[in-house]
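A, B, C, D and E label the chains in the order they appear, each numbered from 1.
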Amino acid sequence: MADEAFEPKITAFVCNWCTYAGADLTGTSRLKYQSNIRIIRLPCTGRVDFMLIQKAFARGSDGVIVSGCHPNDCHYTSGNYHARRRWMVFNDLMEFMGLDMRRVTFSWVSAAEGAKWATLVNEVTDHLRELGPYTEYQRLLNAGVA
Amino acid sequence: MSSISHHDRQTTSLANKIQEVTGVALQNCYQCGKCAAGCPVAGDMEMPSCQVLRLLQYESPDYDRRVLESESIWLCLSCDTCHSRCPQTINTPKVMYFLREEAVRQGLAHPKSKDAQAFHKAFLGSVARHGRLHEIGMLMNYKVRTGHLFQDMTLGSKLYQKGKLELLPHGVKDKAAVKKLFKRTTGNKE
Amino acid sequence: MSRLGVFVCHCGENIGATVDVTEVAERCKHMPGVAHAEDYKYLCSNPGQNKIKQAIEEHQLDGVVVAACSPRMHEPTFRRAVTDAGLNAYMCEVANLREHCSWVHEKADSTTEKAIDLVRLQVEKVKRNKPLDTIQVPITRSALVIGGGIAGIQAALDIADSGHKVIMVERSPALGGHMAQLSETFPTLDCSQCILTPRMVDVSRHPNITLLTYSEVEHVEGFIGNFKVAIRKRARMVDEDLCTGCGECLQKCPTKNVADSFNEGLSMRRAIYVPFAQAVPNIPVIDTENCRKFQGKKCDRCAKACPTKAIKFDQKDQIINVEVGAIVVATGYQVMGTERFPEYGYGTYPDVITGLQFERYASASGPTQGVIKRPSDGKEPETVVFLACSGSRDAAKGVKYCSKICCMYTAKHAMLLKHKNHHAKAYVFYMDIRSAGKNYDEFVRRAIEEDGVKYIRGRVSRIYEEDGKLIVKGADTLLGGEPVEIKADMVVLASAALPNHGQGELAQKLHVGTDPYGFVAEAHPKLRPVETTSAGIFLAGACQSPRDIPETVGQASAAAAKVTALLSRSHLAREPLVAEVNRKPAPQFSDCTGCLLCETACPYQAIGHEEIKDRNGNVLKTVAKINPGLCQGCGTCVSLCRTKAIDLHGYSNEQIFAEIMSL
Amino acid sequence: MRIGYYPGCSLTSSAREYDESVRAVCEVLDLTLVEIPDWNCCGASSAHVASEELALSLRARNLALAEAAGLDEILAPCAACFSRLASASVELADNPQKCQAVSEVVGMPYSGGVKVLNMLAVLERFKDEIAAKTDQSFRHKVACYYGCLLVRPTKVAQFDRVEDPQSMDQIMAAAGAKPVRWSSKTECCGTGLSTITRTELVANLSGRIVADAAKREAVAIVTACPMCQTNLDMRRPEINQKLQEEHRIPVLYVTQALGLAMGIDPQRLGLHRNMVPVELPEPEPEVVTTDDDDED
Amino acid sequence: MDVLRNKARDLLAQGQVQVVIGYEAGTGGARRPSFVRSEADVARLVWDADCVGNLAGYLTRAEIKKMGKIAVVANAATLRALLQLTAEHQLAEGAVSALVVTEEGAVLELSNAQAVTEHVATLPASLSAADREKLDQLMALSREERRAFWEQELQRCIKCYACRSSCPMCYCGSCTMDCNRPQWVPVASHEMGNLEYHTVRAMHLAGRCVECGECGRACPVGIPIHLLTCYAEESVRRQFGQPAGTSATLNYALGTFRPDDQETFIR
């Protein structure tokens, strides 16, 4: 059961040209969403090293969003395609290692999808609030040296 | 003519049902008329295929009914010319099949379709009984059903002379298998 | 320790109403490395910018975070401001407190807390920023234009007129493209060749244009400002310098039965030929596939006839290497052949022709000197049926898209038929009439109202031959789909415009994208319509999608303007946000292992390799090398590199790591 | 060579001459026909009206019987039977789940591996043998008529030139005949349900085909479909009445025409059963073509 | 075995290679690598079912490269490593000959990449049946059980990097683990750091792992660590069909893409 006072900490890695701009549009459209999220701006989803996701969790994030341009719309023509392949392997490997991939959300949000961004952030926030703190990971941080 | 307010989209329009049952998406028709242009019987229809599709696109109860009551849907020969030439690959013959079934189901079938329905009944009756079609038996049955007793009488005797009509049916041996098959798929024994 | 300045903007009420801006500024003062923090009503205003400049000087700041609206809005503004105060532009970062915070959240403590976090992210980032200088890429100040149709001609002339050298490559033996084949042009009905020929001559005489006909692009490498192109100049078997264009050779050639492609196969030409009378250059070419000499027979009649001994049977293809700064792709289109229409006879009925063939009949320079005749028996047709959308908007057997030019030229064809033969009957089967354009719809109405062309709304299902007539079976959808049957003497298909043959291979050589149909893709459908996905490569005309002459010419001039703007500078300044392979002292030299797995991942082919050598030239190590002129800074290679040998300026590992750790 | 054989109901009665001529020609071609044991009616167009499932099951039972008899290819000379069986075969080959379901209804296993061929597809394989077994004296102008069911739907029929099919023309040409170029090859004769219920429409549609063939100076219409043959042949009085002309052009099954070219006894080909008497004129004289060398 | 020794002797005698890397008897019946540089030493070479180690790891070592041209006794994984290393520009084409002992006891000398590529194409997957079974067993568990399994296993890791040292594909001069600006992964052996380390290694071997199992064998505390890299490799093969070590030209699944790559989790 999630703690009532629990507010999830969410880190988002987004590309500059689609999702960052899409999130800007959410703002200019004055659509509201919950304020748990912190956006880190990158040029492209191709720049998203899987280690960034790891480090975000290691730093205590309860959830991570990675979002960029839809396939075929990448500002750099194919950075998102490369990213997608890496996510496909990463996602699969994490499942194999038993990590909770419900806490990582990959998505395509274009510069025109301000509303989608708001919905996405709200859904992810609500979902993470339901899942509660990511104790099974954060516990590792506090575990002793072997 | 029906007023536009009657054209409010219904949830269970014929177009919806057609998409569900046959997979044909009527909204893809852009009314180029190529189906009617190639249809061998378009000239004999009160509304050619493209107009049937157009009426269905409205998704209005009035127009749906007009289509179901039409004779056009019974005239389709299933020659597939329209389908093979349609730029949007719309399977119009399949739609026509569906419309006939639906017309019968809703009791709206055109009076002239009575012959066709009788023919199918006679045909299936023969197949259900013998496993194969017994042409003369089927024809007699059909003529009794429709009252066209004397139509084609001379032709029949000619056929007989040419050795083309068998008086006794040559059915399948395993009649039970065929009967069972009919029962499982139609729910009746005939 | 850094000395950072944090400037928090109220943006009037926009940020101030939901975020406690003063509180944010106050808290920032206590962040490690922050030497100064203040808030202000409008930082983007002149007084606002001055505040930043003053503070930089006053507090000797070495980095700045502006917490305001989206960096996509005012990042350039604030970067300019810090430059004015003597800081490097890239020592300034923007925290997005408006679009990503105040506008999307309610007024609450948590909103202010988020705002502080957003500033902290940027503070931690700026601490690790490095001064960067814009990258200067030298530009080769000349252009290559591929394709010698009206698009290429217009682009080449515009670029050349602005004083830059142009190399023009045309695949066929002469300039002019499809426009040279046309009779009259809509909506003014002026003669196509009359308006085109002077332009072709201009190209051939222009001191800044080098014209290479009968030539094709073989290979392209390099990047914006610095392309290296290999051009294959095919052997004409005629010496261009010696030939005077007298035409003696043409008369003597014994091979007379080669289908004339300029006339769309409606007439025959010789094996040595000039495509058409006004051809530029007016130099013949020997078609070696049909020439007797090249088929092993004894013949040298053309050589004997030549007064200047210009015929050279031993001429070989030449590879010409050129360097250019920009490329314009203007390769045009082709039309779908009649053989692609099953229900219209698979091309077996000679009197079913394409619109382009009709143009040749209608042209005064065509096979019939402008008299409309039909191929089967050379008679003048009385009834002609025109089919719009032949293959276009036909997902099943043709192409999905609208070919755009057909509605107008079909109206023109019907009109020309009526003008040339008043008794003739013209029918047009159409689905929609798309005649948006200056004087376009008036033109179509004129065909209908004044010239009596009959328009029938419906597609044609089938055409077949009967008693020397073509039976056209259509339907009139305006009569509820009533079948219509017309006995025609000739049928003209307004057949779909397709990407030109060889377009795909060329696109690959140029590394430019294509759309699903094979047309060259534009960089942005609205805002960058004449640029391709590759920097420095532009496009003009129907290679992008079907279009008519006015649109093509306008677009070609636009592409030329882009090229001229590029070539007007000696160097190209580029944002320094590029990736770089690190270097270290010997014996490591670099963390790069030289595995070059990054090479294929680069969308811009910017990654190559370099050899690190000792003084004697022995290779010590091979490592990846990123060309800063080509790199666009996506960072795909950075996240792929196992040893973290590649890093991206502006979004470095250290910067992002620090951002994450600040949360 | 052997192949499974599905005669279908028509070939046992009203199209008996088709069956007779198929058997006679296949004997000459050394093709053994193995009749599917205890086959049943394919359901034609009527089964559909009652239920899709009935239609599919009737067809599947035949395919299952063929499979049980170890036949992986079956010949269905009747174009209607071919169309129904082939579409069922295509539908089931793509869909193992449907196979399973229909096997249950039929009460016999079917794995989806039986291929259905029409008469033309089979004869196409024997073009060389046909040429060899005929003396090439059958130099008649014939109009090859394909109708709808052999060429459409394209997915089932898989003809390369749907709008201008060539296989029957090539088969007849191999036997020495001179197929005419005409445009009614795939026009509908009006079969479907109108065969019996709307005879006036049939006369109209079939009439156009007969008139076109006559106009192209064909001496016979050749067909591979009992429905077409019946409409063009048996309905000739109505056709002639409708056209107000006296067309006497006979309508032969492709196997009847081939049989004649092979010199098989007309009685064995069932020619006496055709309604329009089969009286072919003297064949066209043999034309010897000389190759002109147009070297100048 | 004699055929192999004779082959090695010939190669050394004729000067075609300067060193033959093979297996020799170690303590307690185990096999250990053997570097044979003279004809006199060829008798040390053995070949039997116990020769499972992947000797490819030595090929990229500077001290070995210095010896001259190399012949290596190769099993399936060695051959795949040879190809992958060539594709990754770590071995010059033709610098290493592979000696393969066939089931019939003959010795094949594969002296160029094409010969190796063709031979590899005829071999079954190099993943052992036992490892296959373990992978399947793990996959059959619930996520929670898998997490518990790996948590149990990885907390025993002492971060000795034996796995890294033994891996033929871990040839990088400076590993991410050693990077300290920033310090991506904590140096000390620590549960979080262990998890991060092994995730990174598996990700870095996805599309590159030749499934030799060497890392698992090298682990002094017995963590079946190779299952992670083998799974990552299998994931790549399953999703993109571009297995590692089947060609000497670069075909790295994560350095390429198809516009129609199919996934189910991106929103």
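One rule holds for everything that comes next: contacts are C-beta pairs under 8 Å (C-beta built on N, C-alpha and C of every residue); 3 or more make two chains touch, one makes a residue touch a chain.
Small disclaimer: the values here were computed from a predicted structure and weren't measured.
J.: Both chain A and chain C are touched by which chains?
T.: In this structure, the chains that contact chain C and also chain A are E.
J.: Can you name the chains that touch chain D as well as chain E?
T.: C
J.: With centres defined as the mean of C-alpha atoms, identify the chain lying farthest from chain A.
T.: Farthest from chain A by mean C-alpha position: D.
J.: What's the chain with its C-alpha centre farthest out from chain E?
T.: B
J.: Could you quickly compare B-C and B-D and let me know which has more C-beta contacts?
T.: B-D
J.: Compute per-chain Cα centres, compare each with the mean of all protein Cα atoms, and return the closest chain.
T.: Of all chains shown, the one whose C-alpha centroid lies nearest the global centroid is C.
J.: Between chain B and chain D, what distance separates the C-alpha centroids? Give it in angstrom.
T.: About 24 Å separates the centre of chain B from that of chain D.
J.: From the mean C-alpha coordinate of chain A to that of chain E, what's the distance rounded to whole Å?
T.: Roughly 34 Å separates the two chain centres.
J.: When the centre of a chain is set as the mean of its C-alpha atoms, what distance in Å lies between chain C and chain D?
T.: So the centre of chain C lies 54 Å away from the centre of chain D.
J.: Using mean CA coordinates as chain centres, what's the chain C-chain E distance in Å?
T.: The separation of the two C-alpha centroids amounts to 47 Å.
J.: Hunt down the residues of chain E that sit against at least two other chains at once, touch-wise.
T.: 176, 184, 254-256
J.: So which stretches of chain D touch two or more other chains?
T.: Expected reply: 162.
J.: Check each residue of chain A and list the ones that touch at least two other chains.
T.: Touching at least two other chains: 50, 55, 78, 82, 86.
J.: Can you give me every chain pair that touches, using the contact definition above?
T.: Inter-chain contacts occur between A-C, A-E, B-C, B-D, C-D, C-E.
J.: Could you please specify the touching residues of chain C with respect to chain B in the complex?
T.: Checking each residue of chain C against chain B gives 343, 389, 393-398, 431, 457-462, 473-477, 480-484.
J.: Report the residues of chain B in contact with chain D in the complex, numbered from low to high.
T.: That would be residues 40-41, 44, 74-81, 83-84, 97, 100-101, 115-117, 119-120, 123-124, 127, 131-133, 135-136, 139, 142, 152, 155, 158-159, 162-166, 170, 172-174, 177-178, 180-182, 184-186 of chain B.
J.: Which residues, counting only chain C, touch chain A once they are in their complex?
T.: Residues 70-73, 96, 98-101, 103-106, 108, 110-111, 114, 117-118, 121, 513, 533, 577, 601, 603-604, 632-636, 638-640, 648, 650-651, 653, 656-657, 659-661, 663.
J.: Quick check on the complex: what are the chain E residues that touch chain C?
T.: Touch list, chain E to chain C: 88-90, 171-176, 179, 181-182, 184, 204, 250, 252, 254-256.
J.: Quick one: which bits of chain C touch chain E in the complex? Just the residue numbers, please.
T.: Where chain C meets chain E, its residues are 588, 591, 593-601, 622, 640, 642-645, 653-654, 657-658.
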